[in-house]
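In what follows, subunit A forms one complex with subunit B and a second complex with subunit C.
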Partner chain A sequence: MSKISKMPTSRGPATVFLSCLLCVSALLGQVSAEAKEGKLVITGSSTMAPLVSEMGKRFESLHPGTRIDVQTGGSSRGIADAVNGLADIGMASRALKPQEKDLYGWVIAHDGITIILHKDNPIQTLTDDQIKDIYTGIITNWKTVGGLDAPITVVNKAEGRSTLELFLHYFTLSNRDIHAHVVIGDNEQGIKTVAGNPHAIGYVSIGTAQYDATHGIPIRLLPLQHIPATIETVRKGIFPLSRPLTLVTKFPPTGLLETFIDFAQSNQVNDLILKQYFVPIHE
Partner chain B sequence: MISSSSNISSRSTSEGLLSWTVRLLALMAGGLLLLVVLFLFREAWPALQHIGVARFFSDPGWYPTEDAYRLTPMIWGTVWATAGSILLASPLGILSALFCHFYAPPLLGRWYRRMVELLAGIPSVVFGFWGLVVLVPLIGRWHPPGPSLLAGILILTLMIIPTIMLVAHASMAQVPVAYIHSATALGFSRWSMIWHVILPTTKVGLFTGILLGLARALGETMAVLMVCGNVVRTPSHLFDPIRTLTANIALEMAYALGQHRAALFVSGLLLLGLAMLCVGMAEGLRYRNAYVATK
Partner chain C sequence: MLRQSRHVQEYGPTAIIWAAATMVVVPFFWLMGDLLWNGWNHLSLSFLFSAPQNAGREGGIGPILMSTLLVVGVCMGVAVPIGLGTALFLSEYTRQDHALGRLIRASLDVLAGVPSIVFGLFGNALFCQALGLGFSILSGGLTLACMVLPILIRTVEESFRAISRDQRLSAAALGLSTPTTIRTILLPAAIPGLLVGGILGLGRAIAETAALIFTSGYVDRMPESLMDSGRTLAVHIYDLAMNVAGGNPNAYATALVLVGLLLIINLSSSWITTRWTSFNQLPA
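Up next is the complex of A and B:
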């Protein structure tokens, strides 16, 4: 950061020449990449797809003639597509697993998972053990944890979603242990379900939840281990239930692929990341 | 005369062309269905081979990422949701067709029919969305949690009433006027004319409508996925959440790999089987009724 901000003040003939050279080489690089391949196919995580699609649009406008094709299908699919060569880049909303170490992962942002309740639910905080007991059906009434006398509606995610995987991993649960009343697909469906039921508990991406909560949807984001579920705590890396959003490639990226990944990791896309309530890797 | 004979001769060549085109198209339609079935079998084959048919009914539950593939609760979910909606929608659809055709003043009847036609054109996802934000919270206030077999039945009923009603209406419009005149001349009351003349003559049409409604209810995915709760458990009462076979495919297909994916194709095969069973039953019923009628 500091280096970049200094540049304009100490601009001598040498730096001007250098930056010109940089521009020309960037242009040349772009042209050669275009000549090689003008289209990138990116598949995977439904959490990441809207963000990467926005990045793609900006990238296309900066590099005329290129096309970034973003498709959703889940993190597992993203990784599988990257391995099989069905996609140039896979999107995985989690860190790479040890058995995926032969792949290349590029973190572009962070996301946190948060427990959400209806706004009318008087509960302000739950301990990890209480959440675990609610999800395993040991606690079935809000009275037990100091709330109203009403049965708890447990909202869980469908099999195969990385949000579910991360949730189960954090609470050391297996999907068999969970006594759900509602199983949902994507984040929005989960938020609508909780917003429509004052006695429901669910978990979704912090980004989506915070966006909806500030746009009038009646939900509340619960803190975990007394750490509030916000963009700031995830950025600082202190929120317990968070995950990196990763672009995955099979080979070390070259050409257009490299240009795009550099772009996605640069602070040129911070506003896009913030707009979707994810947390940029750069401050 | 001359011109008509030349017409006939020219028709014979064009008719030959037409008949072959039609045959080809029919073959393509049939072949397409066959291809779909073959594709389903091919994709489901790894699961059928490695998991085995029995385990889809005997496994402890549906945990495809933990190698358990019980499909029975979803079969029951599909069956109950479809049966419930048919039970509700058939009388409602047929009665509203009767109202529209025999009781309503002509202007009201016409507008009523137009509204039902509009209802038939509403995309299922809109029904699902309405169910999710209006119907499910209502049921939830009455008997929590809300997403339930009942919500699914009600939404499906709304969706298939237009189908049943419009087909019933169309077949009622085809009842020969002479029948109605004779019934009136014999001094039948309006209801006994409907009961003794209209319903028996339109029986086949009514069955066709119900069958079409059944097919739509069985195959409906999005709306059901949004309001039914999707928990894999055999429902014991109306307020239990259910997952249908279609919702199972839609929820998990995008994320499924390997055996899990193949198991979802098995749900697809089962769905096809259920649809065939329904069509077979309806055909049998129709055949018997036609037979009785001609006798």
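Up next is the complex of A and C:
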């Protein structure tokens, strides 16, 4: 009996529960008071989400009382959410397709990737087919494409990187076809790998590559289809291996929506775009 | 020759069992070593409390830690009462072959095997859209609760069933009602099982990515209410590792925090269990 009389300790958890529930209801009560105005929901491309999040934070600090909520899920989801009204703005890391022409697209930045070689490598240009053959292991020596007699070191991106997707899509390859000697994660790592190996070939974001090449890192950016790989050609949308980062709305934007899209397209966010290794639309 | 085969018969299985056990331990130490090696340097008190900057490459995980605790809090706050009630219903109020009981058990077993991304899409459709909660900590917590309930209920039910029938008979003989028996005898005796169920659920909840990315969302601002969207630790790790170039160091540090949190929860629960059982062991 004396043991059983100790049992009331089991009230402990019950008390904790009650207080938890009280907290929850208190927090919920707070919600209804909150104004829904001044809030934008943006969903879509996971490539764009980190950039647009940063833009949102700067926008919030410039316009007190506004809230920019960014969610991910992929470009198709972004467009679907913008169409059915779940989101105010969708994010798509591609141009709008012909069947999406009734939507409004607002390009805020570009993402371009380029093939890089070591500066000491005499090769000045490669055709798309040669690049494809190098990455699939058909060409294994620089001599075959008119270079030195040296084995090619193929540098590939790790699974899940958007640059990898873009690269594979452009050359119509699957990641399994690629015979890589080095697998790298981010752009900087790719540039360091190629800069440290005169016989390596790799691909990275143009923004980072051009910055490093002009700051003394021994790499060369190869043209694609005779179009030079520069921030300028990517900005103009003529570089083949690039894509526009697009905000999508269902209606012509007004009010806060318009203010935010104007802000995202202004040169006030250039530093944020460069920090995410994309190409701004302004100089 | 005979001696040798005897030798093999005796020591062979022993060696295999030792090897199997070692192989289980190696990945654990490998993983922990990798996390510590890559993440320890980036860990500091300010990392735990400051807000992420530059898409999480810089700054800390303060708001993310807070969102995680809130999401898990909502999840457990909803799942534990419902789970406990259902477990009591299954073990104390129905016979094992009761039709409704069997239906509940069967549906729980199916739910336990559903991939978490399905729970995520379900939560998005039900809580975020149909119930209008939007991307919010509340939606995330409720989705997780749905996901955690099956495992919680089955563990708790088992711990009630493990209590000897004699105790229930003695209580009945003393004229105690079922609710009183539950409150004074069964609940205290089942506490270790409750904790194990809770920990299993909590562990699944805190490490969840797929169910949360479409429900509690991606926003890394400090949450002001349960209706705010909030990014959890696992989602943050996923984003840093997959979407943010140069995010790896902070992804490692965040993973270290997540594993540390799980370790603390596990250790404290096993400590509570030992304390509890040493207090409440009824004399044989």
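Going forward, the second predicted complex is superposed on the first by the 142 of 283 C-alpha atoms of A that agree within 3 Å, B and C clash if a C-alpha of one lies under 4 Å from a C-alpha of the other, contacts with A are read in each partner's own complex, and residues count from 1 in each chain.
Assume contacts are C-beta pairs under 8 Å (C-beta built on N, C-alpha and C of every residue); 3 or more make two chains touch, one makes a residue touch a chain.
All of these numbers come straight from a predicted model, not from anything done at the bench.
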Just subunit B (first), just subunit C (second), both, or neither: which does A:49 touch?
second
For A:146 in the superposed arrangement: first (subunit B), second (subunit C), both or neither?
neither
Give one of first, second, both or neither to describe whether A:175 is in contact with subunit B, with subunit C, with both, or with none.
first
Going by the touch definition up top, name the partner, subunit B or subunit C, that contacts more of subunit A.
C
Classify the contacts of A:80 with the two partner chains as first (subunit B alone), second (subunit C alone), both, or neither.
first
Go through the superposed model and pick first if A:188 touches only subunit B, second if only subunit C, both, or neither.
second
Check whether A:200 is in contact with subunit B, with subunit C, with both or with neither, and answer first, second, both or neither.
first
In the superposed arrangement, which partner chain does A:41 touch: subunit B (first), subunit C (second), both, or neither?
second
Based on the superposed arrangement, let me know which partner A:72 touches: subunit B (first), subunit C (second), both, or neither?
both
What residues on subunit A does subunit C touch that subunit B touches too?
46, 72-73, 160-161, 185
Residue set of subunit A touching subunit B in the complex reads 46, 72-74, 76-77, 80, 150-151, 153, 158-161, 174-176, 180-185, 189, 192-193, 196-197, 199-200
Help me check something: in the complex, which residues belonging to subunit C touch subunit A?
54-56, 73-74, 77, 80-81, 129, 134-135, 138, 183-185, 187-188, 191, 213-214, 217-221, 224-227, 229, 239, 241-246, 248, 279-280, 282-283
Residue set of subunit B touching subunit A in the complex reads 61, 63-66, 132-133, 136-137, 140, 144-147, 225-226, 229-232, 241, 243, 250-252, 254-257, 260
Write out the stretch or stretches of subunit A touching subunit C in their complex.
3-4, 6-7, 9-10, 17, 20-21, 24, 27-28, 30-31, 34, 41, 46-47, 49-51, 53-54, 57, 67, 69-73, 86, 160-162, 185-188, 205, 275-277
